[in-house]
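Chain lettering (A, B, C, D, E and F) follows the sequence in which the chains are written, and residue indices restart at 1 in each chain.
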């Protein structure tokens, strides 16, 4: 606790994910008062053709 | 609002996703009374070996 | 297949969910060429204090 | 983009969610280089009887 | 690893969830060769008016 | 009902998924008293660089 899922466009390098995992974990622990070991984060890479806003695929924008 | 996630078997061409995104967004707006910009849709492609019904993988059916 | 999850603000009456379930199922079948029995939809009611955009809870907007 | 879901034990006051939404959004924007408007966060309150680790419900620990 | 989410109709007593958490954890460990501590399970209670199959809410069946 | 999602590290062979699908379905039916046909399971393969615990990616451990 907590368990965090982050959906983001694919193509992000591992350096970005590493930094984001550190930052989100740090903030979650600070605000919720939990230990880092309690924080699980899963990133879900989403292709632009798999994400639509306002009915339009991001690969079409 | 709303946020819609659609799990479907992989292998669908982008034309199908484009049409489905349009159709689901249109219906969500009509029924919920929201603007298209409020509707986010994410498609999750699922391999047949990753989906089981009645305990049997779809890749085995 | 497919399995659809819809996150929407809570407070929607069942009549709206009934109509939305019918509409989304109909469109999914039309576009994907599947039978209605293959379509599962789950609605997730989200309280305004549990949804944030741009870092602001919707209960604060 | 990105869309963040946070599962946490229920009972957290809205002040905590407000602060967490701000903090996670700020860090996501900093690391990913996106605007705050692009960040959606949904909190899912989970009862202790609905979360198990090592096969034991947290309500039993 | 692994992280398991179980959507089920609401109304199940805690005794059922306790037994199901134990059983799923045991089987996951046996098949995947992991320790029980590695297994997280979250149950999501779904109201019958929030689940539709074939376009019909389960509260209407 | 129920619908089960299992997030696990990628790289697992289909034989493991087949066995796990059978085992989880059997236990769900036994405990919940449902038929196998009512059980849907989706596996989500997660790369080690997409999963973090305590702020550290599993690909870095």
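Points to keep in mind about this one:
Quick note on the criterion: contacts are C-beta pairs under 8 Å (C-beta built on N, C-alpha and C of every residue); 3 or more make two chains touch, one makes a residue touch a chain.
Bear in mind that the values here come from a model prediction, so they are computed numbers and not experimental data.
Among the remaining chains, those touching subunit D and also subunit E are A, C. Residue-numbered contact pairs of D-E overlap by over half with those of B-F, the repeat interface among C-F, B-F or A-D.
The chain pair A-D and the chain pair A-B differ in C-beta contact count, and the higher one is A-D. Rotation angle, subunit B onto subunit F, C-alpha superposition: 120 degrees, expressed as a multiple of 5.
Taking shared numbers over all numbers used, the subunit C to subunit E interface scores under half, which places it in the different class. Distance between chain centres (mean CA atoms), subunit B to subunit C: 11 Å. Note: centroid distance subunit B to subunit D, computed from Cα atoms, is 24 Å.
Subunit D and subunit F have Cα centroids separated by 22 Å.
Counting partners per residue, subunit A has 3, 7, 24, 40, 42, 46, 51 as the residues that reach two or more other chains. All chain pairs that touch, listed by label, are A-B, A-D, A-E, A-F, B-C, B-D, B-F, C-D, C-E, C-F, D-E, E-F.
Touching subunit A in their complex are the following residues of subunit E: 3, 40, 42. Contact residues on subunit A toward subunit D in their complex (touch as defined above): 1-9, 12, 16, 19-20, 23-24, 27-28, 30-32, 46, 51, 58.
Those residues of subunit C that touch subunit E in the shared complex are 14, 17-18, 21-22, 24-26, 35-37, 39-45.
Looking at the complex, you find that subunit A touches subunit B at residues 7, 46, 49-57, 59-60.
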